[in-house]
Each structure stands twice: as structure tokens, then as C-alpha cells.
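Note that chain A is present in both complexes that follow, paired respectively with chain B and with chain C.
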Partner chain A sequence: MNAYIPEIGKPVPRADAVAKATGAEKYAVDHYGDNIVWAGVRRAGVAHGRIRHLDTSVASLLPGVIAVLTGRDVPGTNRQGIIHKDQPVLADEKVRHCGDAVALVVAEDRATLQKALSLIRVEIDPLPGVFTVDDALRPDAPLVHEDHPQGNVLLKATIHSGDGQVALEGCDIILEETFHVPVQSHAFIETENGVAWQERGGKVALVVSTQAPFRDKWEISHALGLPLDRLHIIGPYLGGAFGGKDGATVQCLLVLAALHTGGRRVKMWWNREESFIAGYKRHAVRMHYHLGARTDGTLQALHCRLYYDTGAYAHLGGEVMALGMEHAGGPYRIPHTLIEGWCVYTNNPIAGAMRGFGVAQVSFAFEGMMDLLAVKLGMDPLELRLKNALLRGDRNASGVTLTQSTGIADCLTAVQHHSLWHERKAWKKEAPPFHKRGVGIAAVFNAMGYGRGLPDSALAKVELTPEGRIRVYSGVSDMGQGNTTAFVQIAGQILCQDHTAIELIQPDTERTLPSGSASAGRTTYTYGNALIKACEELRRRLTGRAALMLLSDTLDDLELLPGRVKNLATGREIPLTALAAMMSPEDRVCISQFLMPVVRDKLDTGKEFVIGFPHLLFSYAAHLVCIEVDELTGVIDIKAYLAATEAGRVLNPQAFEQQVQGAIAQGIGYALSEEVLLQEGRIVNPDFATYIIPGALDIPEIVSLAVETYEPSGPYGMKGVGEVGMNGPLPSIAGALADASGIHMTRSPLTAERVLAALQNQQEHP
Partner chain B sequence: MTIHFILNGEKTTLNVTPDRRAVDVLREDCGRTGTKEGCGAGECGACTILVDGESRLSCLMLAAQLEGRKITTIEGMAVRDSLHPLQNAFIRHGAVQCGFCTPGMILAATSLMNHNPHPTRADIRAGLSGNLCRCTGYQKIVDAVEAAVRLEEEKS
Partner chain C sequence: MTQVYLPRTLTELWTYLDGEPEALIYTGGTDLLVKMPAENANTAPALICLERLGELRCIRETADSILIGSTTTHAELLRHPLILAQLPVLAQALQTLGSPLIRNMGTIGGNICTASPAGDTLPPLYILEAEVELHSRKAVRILPIREFISGPGKTQLQKGEILSGVAVKKPADYNIHHFEKVGQRKSMACAVASMAALLRLSPSGLIEAARLALGSVGPTVVTATAIDESLIGKKLSLTSLAATAERIRQLVAPIDDVRASADYRRTVSGNLLLRLLDARTQ
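And now, the complex of A and B:
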């Protein structure tokens, strides 16, 4: 490929694509090393119980076993967790879910490791478990954490605006419904893994598949009692994450193992089943909705009660629920709201962050209510949504004034003008025998950034290298979302260098600077804003220093061009290599910080949320789906999919489409097939043969329309686009099924079995 | 046991225990870490390699099954500095996101094109249906394979 200047707005190919397509890119899992040893974990296998006896002696004596460690061997607090430190690295007296780590083994090779793990004798006295939110909330329920002051309630919170639920009484129409969504697995293809080793001098280095290398350092330090300056975390490109590698997975276990290997490298790599059992999940939620409206379709009041099953440990459960509650009213003007949430500990697998963080769940409910209301009123469902769509200047369901770009109405209008929408009636009439056709729509949104209470900050660093190249030091992980390419574009745009002259350093706690987690649709926004400032400073410096070499008495004549600075008036120029040789190392580096702006409204609600409420910036989308339902099998076949997405300006059309299409594919899996099945806290489908994620035949051709607005606070006007697409497929497909059959499903996923049962029920009880 | 095979065009001799999985031998002994593992059970396709030109799952093969075979991993697809047309198409058409499924996808697509030089989009989807991708939604992968097919058709 010829050299080009990567610029903003162009479909620049990804900076990481060549290395990934040739197999050259080294993910965490591709790191081995001479004389490497293997670590693995013996897991509880019991959802709730007390460890009566733990005998590691036989395993320890097995030739080739280097160490067998238990909770007693953990030097620090033995507690990990992002906000709440409630999760042991290795269980002490109690286990709280089947995936709890009971013992850690380090062995010479994988076969010995497996054998040693099987030789550990664990005797656990089972305790009564709590496996549903209702069980957990009973006054006499067994406690998952005896020391938690609110019993099994991790967090109870309320968002209130206007007159709250009282306003329902004055509404012309009140609709009531309850929705259920199940546990979803991230199912990234690269499972949780890392490699750690102790260096001379005692420092421990860790190469790990992580979304938050700097936070990992603090978590490990807390759990293992190691000073921060003894930890060095390296976070290469990830083979997918979607929220599931935000928080400690292998980190503490590996660093602990490395303290016992005498400097040898130790590798841990969870297999797929272990990833299912011990990894984080999307929360299952039960959602009770009361929605009140006028006869003309104007929304008046909303009361909802949301119950999030957070599993055995807090992870980000409270924050996930906070975001779900903040979005519970949909992208609509509802003057009076009462939104209540309970985030509840159970003995189920740990729920945490996942793309569409708490919002994918409530999107099913609020759009389900809009479809019911449209039917009740005999209104066009798209007109109903447009009529209530939030506009800039409105207050949302949390009472926050929308001061920033707000494009949901534009997205809905784009769908309304599309042929799939205005030709839908004719299309539906053409359904083949024993099939029904339906068209559904959904209006969804997703907040960006951490919200109030936690600074959403990034520190960008950019260098002119001695070789005359531009090197960007990214402190925020690229799990596949493509922020790296956006950083190359920003550097290219400002510093006017060829793509071959710009290099990216992936997160490394000793080379790059803390820039927060790769999450919340924030990576390109927050780091990008910091990088713009750093690159502009570097440009000023390069022209300023070149002026000395080129004897220019004004900077106005100087221009930074590929590989050189040129005086346009005299034609004289200096190569960047010569400029770099003249500059001191510190002069060649620019660092800049950016802090995301926050909501300024003083809200008298949501005070239970320590962090993560409320949010200033949202991206929006309207989705349309055309489905065909097989009346004989209940199978839903997606025939066409349209997404109109507003995420400010588009920095890279190809990257934008990647995010939209990929999120929709995950959303289709969530809608149609994905459900982690639990029996007494045990996952019964921990593999890809029984937990079905979509394959190439399951995803239709997706039409993506970019509905651009300008977000003045964003880098070049952009907002995060990674999450919003996840939220549309479930409600739009459920709406399409209702359109096709009159059946409003309130429990997902919409499997063939479930749909067929509903169709049969409808025939028997018309 | 000693096994002999051709790896990306090079004669290779290894001393291995015969019950080790091919994916581990390729990654650990041969350093070909472009071959990924996503499930270890033949469900995701990330470990796809070419065995005598046919796509096979290296997580389900034992080291002994490499004996006498011509093995191609993703590292063997480019000829010197010149990328394979499928690699170029994946890069240009945005078919790579996290990239962890990419090597397996490219090798599965190679096998698909060997069997069917003129596949439709539906054929491409069917041919890649054994390879899971969690990032892309497959559309750009299908775009890329289709572009590589068109390029081959123009050449011939």
C-alpha cells in the first residue's frame, strides 16, 4: 500500500490490520518464553458452602509441581474488586459461587498442572444458596456476604423526577408489564490469560489480556499487599473483551504465582469452560413497568422497579444498575418518573460490565412498553416514538438537561424515510405459506463516560523519535474497537505525517500514562481529546525548533510536512531526523491531560450512587428489522436490518460501520439464542455447542446509516459509538414478532422453542 | 516420537510426545502463534490450519497427525513481502477488528475458494459458518472474501 496521511473523516484502514492478518501480532496469549511454567486454579464447583477441609499435600508432592497455594498464602487483603473489595483471590473459609478459586497450582507443564489440580482434596459443607433475586430478598434468606450491612442487597437506589409515580393516576392510559432478560456471556474468542514473572530486584511484570492495565495495578497491589512500584502491567491488543476483561480475572492469581517461581515465567490461560464458569457476565434483570400517557400518545409518567442479579460479587454491579436506571425511560421526554432499582447478591456466577452496560436490558422493557402503547392507541409506532423523542434542551427521565448533541429524532426520521419502512406493508403481504412477516423498530441510546463521581480522564503522550517518526503512547487498551487507528488519524491530521511514520505503543504502566479503562464508549473521546492537545503542542514545538535551524524570524512561514519542516517563503527545509537530533529527549515529548465534562444540574435524586450517575453525553440509534417467523418451527429469520446511528461526527466511516455491525450481531445473539442456563448456580451450557453465539449464517446484511451531528466537546465532534448498537436488536426483533403475530414476548431470548410455544398458545386460546 | 512435516514450505522435524495437540505444537514448538485457540473443542474455528490444502481444526488434531503432511498456518500465506490476496482484502475491507478469529477465517476462506472459485455471498457465509467471530457481525468478512474472489476472477 502506498504511503498516505491518515486523516480525520477518511475510511483509513486499521493500523493493526496487517499485523493481525499475517499472524504477527502478539496478543497476551501469544507470550510464552523459555523455561515457562503453567498456573491453574481449582474451582469450588459448589455454589455456596464452607470449606471444611482443603488438603493440598498429595498435589504438592507430585513431581513437577512447583507450588500449591491457598487463601492462607495470599499476602495482602486477599480481596479484589473495582469499587467494592469483596472478592477473594483464593477462597478463605467460604465459597460463594461455583467458579470461586479455592487453590492455585504452579507446575512445570500443562499435563502435570491438570493432574495436580485433580489431586487437591476439597471438602465443602454446602450452605443453602440463593439463586434468584426473590430468594435473595427474603427476610430469612441465607447471606452471600455475612459482613455486608444491607444483607444481600448490594445497592438499592431511586431516581425520581417531576411528581414521580403519583402522576400515573392522572394519565388517560396506564400500561403495566413485566420483562425478563437472562444472563449473557461476552464470549470473546481470546479467553482470559496472561504471563507473569519476577524480575531481579523483586518487581513483578505481567502481560495480560486486560481492559484496564492501570486499575489492575491498584487492584493487585491491594489484594496482594505489594507496593505499586513493584508492579509492571503490559496490556497488548486484546482478542475481544466487551466489558468482560474490565476487572481482575487472572491478574492477582498470576502475580501471586510469579512470587513462587524464582523468576521463571508463569502462564495462565483459562479454557472456554473456565471462562464461562469464572468469567464475568451480563446481569439477568427482571423489570416491572408502569407507563402512563395521554390519548394523543404524549408520555406522562413512568414507574419501574428493576431487579439486577449481580451474582456472588459486586464487580461493577451497582454501576451497571445505575446506568440501566438512568436509561429506564428510553430516549423520551417523560416529565414524571420514579425508577427504583435493587442490585442483589446471589450465588450465581458474577455479573459485571458488558457492552450496553445495564442498558441493553432496559431497552427491551421501555421499547416493549412503547410497542404496547402504540397498539393500545392504534398509533404508528414510529410516529409515537418521534412524538416523544428527546430533543436538545429537554430534560430526560432522570431530570438531566440535555445540553449536548441529541440525535434520536434525526435517527427515527432517517428510518422513516427509508424504503424498508415505507414499503413494509407490501413486503409483509408477500409472506410465504406457513410464515408470518413483521417489521419492528427500536429507539435506543447509550451514555458515554464514567458519569459523575469519577474523573473520566486520559493522559496522552506523543513523541518525535530520534528516527524522525511520531510515536503515540496509548494508555487505554484496544480490545478490537479500533481506538488505536483513531489515534493514528488524530496524529496524522495534526502532524501531517505518512501512516508509515506513525507508531502506536499499547498500554504499559511504565511507558504510557494512566488513561482509564477501555469502556463506556470513552476511549477515543477521552484519550482523543487529550491527544489533540498533545499533538498540537508537539507541532508548535517542531516548527518553533525548526525556526532556529532554518533561521526563520517568524513561525508563520513554517509548515510541518511529511518527514520535514519547511519554510514556505524560502523553500528551505529540515528533515525531522535532523530536528530530532537537535532536540533534547524531554523536548521531543508532549503530554496532555483531558477531563470529560460532566452534568451541571443539581439533582435531588440518585444519591445512592457514589459514582456513575448522571451522564452528560449520549449516543443514539433507531433500528428497523424485517423478520419472517416460521409458524411450524417458531424460528425467526432476520431478512433485513437497518440502523441509523448518531454518535456525533464520524472520524472513520469504516470503523464506525465495524462498531455498528458488530454490536448488532451481539444484539441479535442476545435477542434470539444467547442465554446462560443455570441450575442452582451451576452453568449447564459452558461451551459454544450449547451456548449459541451467531455464526455467519445467522446475521443478515446490515445497512448502517450515519446520522451525523456535531458534538462540540468531542474530538473533531465525535462521540462513542461502540455500545449503542447492542441495545436495539432485542426490542426491534420483539417488536417485529409482535407485528407479525400479535404476540408481545416479555421474556428473552426469543428462541424457536419459546416462539413456537407462544404461537401454539395463541392458537389454543385465541 | 519424531515427526516430519512441511510447515509453510519448510521441512520440519520435531521430537514430540504423540498425544500433544497440533495447535500446541505449532504455537509452542514452532512459534507459529498466529494459529489461535478459542475453545479447544472444534466449535470456534480460531485454530484453523490447512492440511494438504484443506482446512482442518488444529485443536482436534494430535501431533502425530502432522506426520508427512503439508501444513499451512497464517504465517505461510504471504509470499516473501507480498501478502496473500485474502489478507489484503481483509485489511482493505475492514474485516479485522480484534483480529483473533482472522487467521482462522483467512485459512477457511482459502479452502473455500479452492473448492468453489466462484462463491456467492451465501456460499461464503456457509463456507465460513464454522468460524466464529464476536466483533464484526461477519459482513465485512464476507465483503473481503467476495473482493478476493472478484480479483481472482479478473486475473483468470
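And now, the complex of A and C:
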């Protein structure tokens, strides 16, 4: 490919495309090394119990075993966790879910490792477990964490605005419904893994598949009692993550293992089943809704109670619930709200961050309520949504004034004008025999950034290399979403260099600077803003230093061009290589920090949230789906999909559309088939033969419309687009099913079996 | 390390089998290797892979039957004019099997020997009255497929014996070929319920002959002469099919598992019959 200047707004190919397509790019899992040894974990296999006896002696004596470690061997607090440090690296006296790590083995090879793991004798006295939110909330419920002051309630919180639930009484119409969503798995391709080794000076290096290399350092340091300066974390491109690699997975175990291998590299790589059992999940939630409206469709009041099952450890459970509660009213103007949430410990697998962080769940509920209201009022569901859509300047359901770009009405209008919407009636009439057709819509949104209480900051670093090239040091991981391509575009736009002259360094705690986690739709927004400032400073420096070489008495005539600085008045040029040779190393590097702005309203609500509430910025989307329901089998076939997405300005149309498509595909899985099935805390479908993610044939053609606004605080006007698409498929498909059949499903996923049962029930009890 | 043998001729195969009588035999490995976790691969017995055994990779025609060598892949079958022209019911089933990658690796012999109640080629093979050919060093024997498969994962295959091929009668008397599978997604899906059907429809629209087979609703593929006969002489109408559908629901013996409940399988196995209303004559 010919050289081009990667610029803002162009469909610039991904910076990592060639390296990944040719297999040259190394994911964490591609890292091995000479003389490598293997680490693995013996897991509890019991959802709740007390360890009576743990005998590692036989395993230790097996030839080829290097170390067998238990909770007693963990230096430091033996507690990991992002905010609440409640998860042991290796269990001490108790196990709280089947995936708890009980012992860590390091061995010469994988076969010896497996043998040694099987030779560990673990005797666990089972304790009664809590496997549902209701069980966990009983006054006499067994406690998952005896030392947690609120018993099994990790967090109880309230958001209140206007007159709260009292306002329901004055409403013309009050609708009530309860919704259930199950546990979802991230199902990334590259399972949790890493390689660690101890260097001569005692420092431990770790190459790991992670969304948060800098936070990992703090987490490992706390759990293992190692000073921060003894840890070096390297975070290559990830083979998918979706939130599941936000927080420690293999990190503490691997660093602990590396302390026992005499400097040899040690690798840990969870297989798919282990990834299911021990990895993080999306929260199952039960959602009780009361929605009040006027007869003209104006929303008046909302009361909801949300119960999040957070599993055995906190992870980001409280923060996931906080975001869910903040979005519980949808992208609508509702003057009076009371939103109550309970985030509850159980002995189920650990729930945590996942794309659509708490919001994918409530989207099903609030859009389900809107569909019910539209039916009740005999109103066009799109008109009903438009009528109530938040506008800039409105207060949202949390009472926050929307001061920034707010494009949900524009998204809905874009759908309204599309042929799929205005030709829907004719299309529905053409349903083949034994099939019904329906068209559903959903209006969704997703907050960006960490929210109040946790500085959402990035430190960008850009360098003119001695070779005259531009090197961007990214401190925020690229898990496939394409943020690093945006960084190349920003550097290209400001520094006017060919794509071949721009290099990217992936996160590395010794080369790049702390820039937060790859999460919350914040990577391009926050790091990009910092990078703009750093690149502009570098540009000033390069022209300023070139002025000295080109004998220019003003900077006005100087222009930075590919590979050189040129004096346009005299035609004289200096190559960047010569400029770099003249500049000192520190002069060739620019560093800049950006801190995301926050909400300024003084809210007298949501005080239980230490961090993560409320948010200033949201991305919006309106989705439309056309489905065919097979009356003989209950199978839902998605025939067409349209997404109108507002995420500020689009920096790269291709990357934007890829995020929209990917999120919708994952959302279709969430809507139709994905469900982690649990029996007494044990996952019964921990593989891809039984945990059903969609295949290419299950995903229809997706039309993506970018509804651009300008977000003044964003880099070139953009906002994050990675998550919002996840929230639309479940409610829009459920809406389409209701449109096709009159059946309003309140429990997801909408499997063929559930749909057929509902159709039969409707026939028998019309 | 596990030994893997790759015989190129039957003679080589018998020699390897003599040396490794406990060896597991496979071709594409799409079932066997998946069931063998990487961590335990070293403890598995020897493996004998038939993918290079050219003698068994064939599709041939006689006057009244079609012979398929056991190591013929699903993709090869789907490309073959004889299969497409004469055995549409089998071709329809193959199209739903796995994914293009699985169809490139998996073979018809493997699908038969795995003997899963959900095996996609099995309902068509049952109604095509397939007979399997079993080879050992000393003998060849032939069994109807319904006798060869005795239960979920169970067959009459003896030690030292391989399935070398399958022969089906040309279904010239039937002008409707129909297969449908219900899975949890459109590809890479294990059948939750499936139905294969062959019908002969008279010009006046009466059913003159019928054969039905149902997958995933019993320990083996379910067929019943009484059900087939109940359709004969009837018009292809909702009423007649609905009556037979109800009989099917009473006949099948599905189980509850992680994919679906027995109730759902039972309902759907009957419902699938109604789809014949849309089936086109060939």
C-alpha cells in the first residue's frame, strides 16, 4: 500500500491489521521463552465450604514439580480486587465459589502440571450456599463474607429525583412489570493468560492479556506485598476482552509463581472451561419496574428495584450496579424517579465488568416498559420514544442536567426516516407460512468514562525518534476496539507524517505512562485528548527547532511535512532525521495529561456510590430490527438490522462501524441464546458447544448510520462508541417479537423454547 | 506421546491394528478429538487416522443404489452431482451439519460411527434404508443402519473392524425430499430436533408413500412404519399432517438436557411435520 497520512475522519485501515493478519503481532498468549515452566491452579469445585485439609505433599514430590503453593504461601494481604479487596489469590480457610483457587502448582511441563494438580488432596466441608438473590437476602442466609458489615449485600443504593415514587400516584397510567436477564460470558477468543519472570535485581516482569496494566501493578502489589517498583507489566494487544480482563485474572498467581522459579519464565493459560469457571461474567439481574405516564404518553414517574447477583466477590459489582441504576430510566425525560438497587453476594461465579456495564440489563426493562406503554396507549412506539427523548439541557432520570451533546432524538428520527421503518407494514404482510413478522425498535444510551469520584485521566507521550519517525507511547490497551488506530490518526493529523513513519508502543509500565483502563468507552476520548496536547506541543517544538536550522526569524513560514520541516517562503527544508540529531533526547519527547470533565450538579442522591456516579457524557443509539418468528419451532430469525448511533464526531468511519457491528452481534447473542446455566453455583455449560454464541449466519446485514453531533470536550468532537450498541439488540428484538405475536417476553434470552412455550400459552389462553 | 498411525491401504491398516488393538479409529476427528482434552492427549491410546486411506474415499453408483465410502467428507458429498441429484434429503441434512470447516474434515463414516441421536446424516440414512459395510481383516459383513446403531454412541462395530462404507437405495419412488433441523443457532449447532421425510405425492395430491425419521428425540433415530402408513392415502393437508404430528409426539422419547427440554423436543418433532405443507415436489 502506498504511504498516506492517517487523518481524522478517514476510514484509515487499522494500525494493527497487517501485523495481525500475517500473524506477526504477538498477543500475550504468543509469548513463551526458553526453558519455560508452567503454572496452573487447583480450583475448589465446591461453591461454598471450609477447607478442612489441604495436603500438597504428594504433588510436591512428583518429579518435575517446582513448587506447590497455598494461601499460606502468599506474602502480602492475599486479597485482590479493584475497589473492594475481598478476593483471595489463593483461598485461605474458605471457598466461596466453584472457581476459587485453592493451590498453585508450577511444573516443568503441562503434563506434569496436570498430574500434580490432580495429586493435591483438598478436603472441603461444604457450607450451605446462597445461589439466588432472594436466598442471599434472607435474614438467616449463610454469609458469603462473614466480615462484610452489610451481610450478603455488597451495596444497597438509591437514586432519587423530583418527587420520587410518590409521583406515581398522580399518573393517568401506571404499568408494572418484572424482567429477568441471565449471566452472560464475554467469550473472547484469547483466554486469560500471561508469562512472568523474575529479573536479576528482583523485579518481576509480567506479559499479560489485560485491560488495565497500571492498575494490575497496584493490585498485585497489594495482594502480594511487593513494592510497586518491583513490578513491570507489559500489556500487548488483546484477543478480545469486553470487560472480562479488567481486573486481575492470572496476574497475582503468575507473579507469585515467578517468585519460585529462580528466574525461569512461567506461563499460565486458562483453557476454555477454566475461563468459564474462574473468569468474570455479566451480572444476572432481576428488575421490578413501575412506570407512570400521562394519557398523551408523557412520562411522569418511575420506580424500580434492581437486584444484581454479583457472585462470590465484589470485583466491580457495585460500580456495575451504579451504572445500571443511572441508566434505569432510559434516555428519557422522567421528572420523578426512585431507583433502588441491591448488589448481592452469592456463591455463584464472579460477576463484573462487561461491555454495556450494568446498562445492557436495564435496557431490556426500560424499553420493555416503553413497548408496553405504547400498546396501552395505542401509540406508535417510535413517536412515544421521540416524545420523551432527552434533549440537551434536560435533566435525566438521575437529576443530572445534560450539558453535553445529546443525540437520541436525532437517532430516532434517522430510524423513522429509514425505509425499514416506513415500509414495515407491507413487509410484515409478506410473512411465509407458519411465520410471523415483526419490527421492533429500541432507544438506548451508555455513559462514558469513570464518572465522579475517580479521576478519568490519561498521560500521552509522543516522541520524535532518532530515525526521524513519530512514536506514540500508548498507556491504554487495545483489545481489538481500534483505539490505537485513532491514536495514529491523531498523530498523523497534527504531525503530518506518513502512516509508515508513525510507530505505536503498546502499554508497558516502564515505557508508557498511566492512562487508566481500556473500559467505559474512554480510551480514545481520554487518551486521545491527552495525545492531541502532546502532539501539538511536539509540533511546536519541531518547527521551533527547525527555525534555528533553517535560519527562519518567524515560525509562520514553517510547515511540518512528511519527513521534513519546510520554510514555505524560502523553499528550504530540513529532514526530521537531521532535526532529531540536533535535539536532545528529552527535547524529542512530549508528555501531556488530560482529565475528563465531570458533572457539576450538586446531587442529593446516589450518595452510596463512592465512585462511578454520575456521568457527564453519554453516547446514544436507536436500533430497529426486523424478525421472523417460526410458529412451529419458536426460532427467531433476524432478517434486517438498522442502528443509528450518536457518539459525537466520527474519527474513523470504518472503526466506528466495526464497533457498532461487533456490539450488535454480541447483543444478538445476549438476546437470543447466550446464558450461563448454573446449578448450585456450578456452570453446566462451560464450553462453546453448549454456551451458544451466534455464528456468522445468525447475524444479519447490519446497516449502521452515524448520526454525528459535535462533542466539544471530545478529541475532534468524538465520544466513545464501543458499548452503546450492545444495549439495543435485546430490547429491540423483544419489541419485534411483541409486534409479531403480541407476546411481551420478560425473561431473556429469547430462546426458541421460551418463544414456542409463550406462543402455545397464548393459543391456549388467548 | 500418543502414537498416530496414518495407513494408506487397508493392508497397512490391519497391520497397525494388530500392533495397537486398543487404538481409536477416526478420520476427520471432529468428534473424537474434541472429546479428548489437550491435557489428557498423552494418556490416550494410539490413534489410527483413516484420512489417507484412498480406497474408502469414493462415491459410486449402481443400477439401483449409491455407495459411499466411509471416509468421504461431508463437503465432498455436498459437491457431488449424484448426491445432489438423487439424494436431496441427504444433501439438505449435510448443509446443516457443522460449518464449512467441519464439513471439510468430518466424514459420513464418522457421523455414523459416532451414533449420536443428533447425528445430522442419520435420519436421512434411515429413511434411505442405508446399509453399512463393516470390514475386518478376515471378513466383510453388511448390516442395516438401524441394526448397526444400537444406542446413543453405541454400535455393533467389533474390535478389529471398521466401517468401510454405506449403501443407499435410490429413492426413485419419492418426489418430495425434506429435511429440517432445529438447533440453537444456524450453524455449528447440535440438533435439538430434526426430521427427514420422503414422500410420494400423486398428481392429484394424495400421499402414496411416506417415510419419516426423527432425530434427537430418542436414544437413536425414531422411525415407525405405523406413522408412515398413517399418511398414505391422505391429502397433504393441515388436518392430516396435524393428526400424524400428534402421533409422532406420542411416539418419541426425548430427554431433557442442557440444550432443550423433553417437552420442547416432543412438541417440535410433531410440528416439523407440518412443514411438509410447503415442501415442493421434485
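In the analysis below, the second predicted complex is superposed on the first by the 766 of 766 C-alpha atoms of A that agree within 3 Å, B and C clash if a C-alpha of one lies under 4 Å from a C-alpha of the other, contacts with A are read in each partner's own complex, and residues count from 1 in each chain.
Going forward, a contact is a pair of C-beta atoms (placed from the backbone, for glycine too) under 8 Å apart; a residue touches a chain by one contact, two chains touch by 3 or more.
Just so you know, these numbers come straight off a predicted model, no measurement behind them.
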Contacts of A:427 with chain B and chain C, given as first, second, both or neither: neither
Partner chain in contact with A:189 - chain B first, chain C second, else both or neither: first
Chain B versus chain C, judged by how many residues of chain A each one touches: B
Which of chain B and chain C A:18 touches, first, second, both or neither: first
Which of chain B and chain C A:271 touches, first, second, both or neither: both
Chain B versus chain C as contact partner of A:673, first or second or both or neither: second
First (chain B), second (chain C), both or neither touched by A:696: both
First (chain B), second (chain C), both or neither touched by A:4: neither
Touching both chain B and chain C, residues of chain A: 271, 689, 695-697
Touch list for chain A against partner chain B, complex: 11, 13-14, 16-18, 20-27, 29-30, 32, 186-191, 237-242, 271-272, 479-482, 654-655, 657-658, 661-666, 687-689, 693, 695-697, 699, 701-702
Residues of chain B defined as touching chain A within the complex: 27-28, 32-41, 43-44, 46, 73-75, 77-78, 83, 87, 90-92, 94, 96-103, 106, 121, 124-126, 128-142
Parts of chain C lying in touch with chain A, wherever the complex brings them together: 34, 37-40, 42, 99, 182, 184-190, 192, 258-261, 264, 267-268, 271-272, 274-275, 277-278
Complex interface listing, chain A residues touching chain C: 110-111, 114, 271, 432-434, 632-635, 672-673, 677, 684-685, 689-690, 692, 694-698, 751-753, 756-757, 760
